[in-house]
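Note that chain A is present in both complexes that follow, paired respectively with chain B and with chain C.
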Partner chain A sequence: MRLTTGFKAAAALAAAALLVTGCSSSDDAGTGTDGSTGKASGEKVELTFWTWAPNMDKVVALWNAENPDIQVTVNKQDGGDPAVTKLLTAIKAGSGAPDIMQAEYQKIPTLVSSDALADISGEIPADVAAGFPEGIWNAVTLGSEAVYGVPQDSGPMQFYYRADVFENLGIAVPTTWDEYAAAAAAIHAADPNVYLGTFSATDAGWFTGLAQQAGASWWGIDGDAWTVSIDDTATEKVASYWGGLVEEGVINNKPMYTPEWNAALNNGTEVGWLSAVWAPGVLEGNAPDTQGKWKMAPMPQWDAAKPATGNWGGSATAVTSQSKHPAEAAEFITWLNTSQDAVNALVTESGIYPAYSPAQAGALAEPPAFFSNQPDFFEIAGETAKTAGSFTYGPNVNVAYSAYNDEFGKAAEAKSQAKFLDAVAAMQKVTLEDLKNSGFSVKE
Partner chain B sequence: MPALTHTHDTRSGGAAVLTPSARRRAGRASRKTVRGAGERPSGSATAILLVGAAYCLLPVAWVLVAATKSGRELFSSFTFAPSTHLFENIGDLAAYRDGLFWRWMLNTALYAGVGAMLSVVVSAMAGYALAKYAFRGKTAVFNILLAGVLVPGVVLAIPQYLLLAQVGLTNTYWAVLLPSIISPYGIYLARIYSAASVPDEIIEAARTDGASETRTFMQVAVPMMMPGLVTVFLFQFVAIWNNFMLPYIMLGDDKLFPLTVGLSGLLNQGASQPALYTLVITGALLSIIPLVALFLVLQRYWQVDLAAGGVKA
Partner chain C sequence: MSTTHPRAVVTAPPTVPARRRKPGLRRKSAAPWAFLAPAIVLFALFLALPIGYAVYLSFRAEKVSGLGLGKGTRTEVWNGFTNYVNALSDPEFLASVGRVALYGLLVVPIMLGLALLFALLLDARRSRAKTFSRISIFLPYAVPAVISSLLWGFLYLPGVSPFYYVFDKLGWEVPSLFSSNLVIFAVANIAIWGGVGFNMVVIYTALKAIPTEMYEAAELDGCSQIQIATRVKIPSVIPSIIMTCVFSMIATLQVFAEPTTLKPLSNTISSTWTPLMKVYRDAFVRGDLNSAAATSVIIALATFVLSFGFLRLVQNRAFGQEK
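Moving on, here comes the complex of A and B:
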């Protein structure tokens, strides 16, 4: 049988129809950078904003109401990792990236090394930098003259504990890590089902914060080369300490953010959490039955004379290299993170802890609802935030973090202090080799 | 059902492919023609099937029960003890970001419904052409299609993203619809099915009567292929309904998300937000209801198709 011309024509027509509908739809359905063309003065600019902070659309609505010429659309994302993966794919593809992007501090070196972020040092007022703690501002400049974003929130770490349990057992709130270990042992001895905390081998950011508190900074820049120092004495001290507690069995070895962990927080078998300033929101969601029983204290210290803490979480708002309107985008992110109105809204709507110091006092007058029993919550948080050490992230944080998951996962499972130290060495090796193989110049 | 059992009874060798229950029914219907070996249900086979059924159904039962629990009961009360909060949970879900969940539901219905429909049209035309026409390069085309059946769709998601990014279609409905239209497996099925169910003689007769090729296809071949096309539709509908990777990569705006990507986003809120387990579980329950309904409605076609394929191959 042969294919008749009529049939061929019909097939060609169908194919053409598909193509035509496909192309014409891009105008009405397309959002983001593709839809907007170069801006003539006075023309309306539309910006897209990828973020995962809850209720960010409500904060942005304040801006949109006052700036009819610069309209921002929020595209809510799944969280830091998926958003970065998508952004990098879009950068490689050459289109599809948003104008504005929420980026966790540890992701900024990765994004900068992929040319995903625009340098906005010429677009933002010069006095913005002064409002941020030095360590946080460094995270958006990477120690250079360029500025790759405006910091939004930070996550200084504190110790969250069930005040009622400590009181019943007559245990004082630990101020040093030795006291923390003793408290963990006493609580576990009083009831073998109960733990003061857990070593989570799936939360690399958490362990990074603990290492940062001890004085570690895993990456560094030496001249033109990167350095990796995950296996420094500070990190080894932290790993050895937690390995010891896990081996002893007084600290749990199960990951955080699992249903079991949620249940343990709620039913009182997990009575402490080394977390960051955003912890009240998580506790409120996961352990609603424990309302009013928690309190927050500064982190236990290695050296009580020199109080320190680490950061867990926190992010900046950046302009992507694909944005056709970097000046307007920079104007928006400066407003978002430094104006009192926007910071107030970020605190009440999105529940973040703002990084911009001048706006903190106005926005953080009341303690979080779940900690209404602790009126000085934000005073303590503010004090601890000042003690965060500086920490440099490198361009392959993802590799180091996945090495953390692999190696510490095995070590926690084995409940062996020696394996915790092996895990640190393995992380160092994997991270260093990946950096070399990716073509960065590395100094050992 | 009688039609089904009869077709198999006349071909006694075919009884082996029936399920035990169908075999029992077949045995009752006409005991003479079925051999003794297939008559008695095997205890161990039944046990294995029961275990299989439990394996498949327990998670569904869990979702059903868990969706009735409030957030604080979810991980504290007995796993299979139902509670009374189903409607509260649905209310919470509906309230999440001003009813975004319903939008995800509609998006999914659009992606799966329109995508599967277009896929059926393309599969039917391509399969019919491959089965009934001789043209240069036919074997090559078919071999490439067969290779396409073997390549998992997940692998293609990133290249498809890069292609669609070049024409500026990412983050639109088209980004998910267009790649769903071509289904190598659907074309393959349509080819097998049209070869088996549309006799060449009928096409010849239609031509002799003066019907154009288009009309022969539309009015003679398509009705005869219908059960097979329903199968293709169902396969493709379910595949798109459950697809995660493609929309996950293609879409940045959560107003365009299908259910799969939206629900996963509720679970992965980042470390500083509690995961919304109750909403996700309730959403998962609601998201399977349309699929179950579709299967019940189209089940008739599906069964006829399976039986017919067995006879005419």
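Moving on, here comes the complex of A and C:
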């Protein structure tokens, strides 16, 4: 408890300090542009912003009220995939792109590869990077000197479980993957209709998070060539582990996000979910009858001494290569994702989990409504978020993800541990060949 | 009625140009073009041009250099027949073609057989509640494929399906329709459910056009109702059956909505489950429009060859008497 308040106070202090520096640095940037360029001071800059986050216009209204010279207009998009398709079309056409764009982390290399995003490394304050977990920051730099966006939200993974079921069966909450496997077996043995979880072959992002936790980073840049390492030992370890559980039959093999899965969460035949920090919203919608029965714990670990997690979901805000006002756009996205006011508004209006660590404590004081029985929800989430490993996405994530669906679909259907390892090898082959066929320099 | 009417139209035109021949050559040559212009412009803009562009794209490729990050790293180049060779040698594509062939062998005979059976039953003299039956058989056709796939998807999932609930209560072990051997039946069932009604209406309309004197003559000759159905009605509606068969074959080659909608519910429907799904994946998931264009051209050619080959094969039998 003392640690809790101490942590909160420290975080609030840090947030306040950063807020001050944030303001001063943006002032510097403002005078800098006014003084150095030929732009007449007081000229009004209009920026458009494509995003699908709910109620983003309300957050942007705060900025517009304080910055009459830089007015931002929100243009609501349908979601991550359609927005990217639209943006790429506009980039190919040479006009029609917005100034600012919400971009999921795994799409950033694809967008950069299509020359859709501007490098804003010269436009944002140098200390911004320090406020983000390393893994997240890496996703907007692609491991280079360039900066292609400012992270907005993240999805650090945790273990969600039905506390009542664990208590009734006298099972301790698993802290390692061995304990998770034992718990899965015990729960399934107690009632053959009940599973601790499912291996979903339709959620590539979920498996990516699990592989990231084990230390995988599927793409990389080596000199001026890409590397693909989906078949590294970390991913093989994860695939083999889940293949074993599915083959044993103690973990289900059905996809997530089906009516059947929703029903299973609600009627208590699925009593656990390895998910991300946004899970409470999903559970609230899919399993309303289980209110108050769920709890969240850090992920089970491969090495208890070195706690780690992965990310499932999350996006950054980026400036497009067609923007005529990259400096102003960068100033806005820095404010949006790192100022306490904006982050508070993002949490309350858009319901996101902010990626910017210093602003988290101030914005996430209360646990999510569905987890009101767990007051330390966001403290655990914040602790786990710091342990997310670094993961580099490549320019053909979509190819790898669709190969995941196809190959792991076969493996899950076959319920065979060996086929899970075959699926990893097939993903590696498909992804690597696609890069080579497209002409990318690839180092093997 | 319907067979005599078109002939009247066909014989009429020769008299019309004959009258117009007098007013001079210029008007004679301009008038038809003026009338054809809207159709030609629309055809050119919305059919010929896109097809031409797709063919053009199918011979091109986008090549990336280096890391592919930053400006000017992507260039479009000529690629010859490489996209075609890649598509035709892709085992996934060949598997999807085989799958669709099997699917067609399931769907077309069962759907048309049921449509013919229902049409004959509705046409039988002793049937009751004809309008109600006709509408209820036709109604599934009015349900969009995506919606019907979602509805059936719910019914296929053992965890939420009322059928599986009953099977469970009865103690029956019924395998999931999403298991790898059965999934093709799950998809075929949706197509049959949605398609029977439309084809039934087409065949039923043809049956209604048969003059009743034929039945009276057959009855006088001692035909039973079943013999009338097999010896008089079915031979008379063969042209309609062939037409519905061609339409169904084309629809089969283009099957997309049902498996795409069921895909997230199962492990067994891959992203290249049908040829058109491969086109979609290449174009919108992989962002490779050129490969997608090549595969589309192959599918279009195959559809063309199959439909016209089939028509030629059955032409004499179906339309021989009209010549």
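Everything that follows uses one rule, which is that the second predicted complex is superposed on the first by the 402 of 444 C-alpha atoms of A that agree within 3 Å, B and C clash if a C-alpha of one lies under 4 Å from a C-alpha of the other, contacts with A are read in each partner's own complex, and residues count from 1 in each chain.
Convention: a residue touches a chain if its C-beta (ideal position, glycine included) is under 8 Å from a C-beta of that chain, and two chains touch if they have at least 3 such contacts.
What you are looking at is a predicted structure, and each value in this text was computed from that prediction instead of being measured.
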Under the stated touch criterion, which partner chain does A:285 make contact with: chain B (first), chain C (second), both, or neither? first
On the A-aligned overlay, A:76 touches which partner chain: chain B = first, chain C = second, or both, or neither? first
Using the superposition on chain A described above, determine whether A:257 touches chain B (first), chain C (second), both, or neither. both
In the three-chain superposition, say which chain, chain B or chain C, touches more residues of chain A. B
First, second, both or neither for A:379, with chain B first and chain C second: neither
Contacts for A:88 in the overlay, against chain B (first) and chain C (second): which applies, first, second, both or neither? second
Considering only touches as defined above, state whether A:225 meets chain B (first), chain C (second), both or neither. second
Just chain B (first), just chain C (second), both, or neither: which does A:52 touch? first
Jot down the residues of chain A that show up as touching in both complexes, chain B in one and chain C in the other. 257, 259-260, 263
Enumerate the contact residues on chain B facing chain A in the complex. 71-72, 74-76, 97, 125, 129, 132-135, 158, 161-162, 165-174, 178, 181, 212-214, 217, 248-249, 252-254, 261, 264-265, 268-277
The answer for chain A against chain B in the complex is residues 1-4, 6-7, 10-11, 14, 18, 22-23, 25-26, 29-32, 34, 48, 50, 52, 54, 57, 73, 75-80, 82, 86, 89-90, 92-96, 98, 155, 203, 205-206, 257, 259-260, 262-263, 266-267, 276, 278, 281-282, 284-286, 288-289, 312-313, 352
Please name which positions on chain C make contact with chain A in the complex. 62-74, 153-154, 157-160, 179-180, 263-272, 281, 284-288
Which stretch or stretches of chain A touch chain C in the complex? 85, 88, 109-110, 112-115, 142, 144, 201-202, 221, 224-226, 253-255, 257-261, 263-264, 269, 321, 395-396, 398-399, 402, 405-406, 408-410, 412-413, 434, 438-441
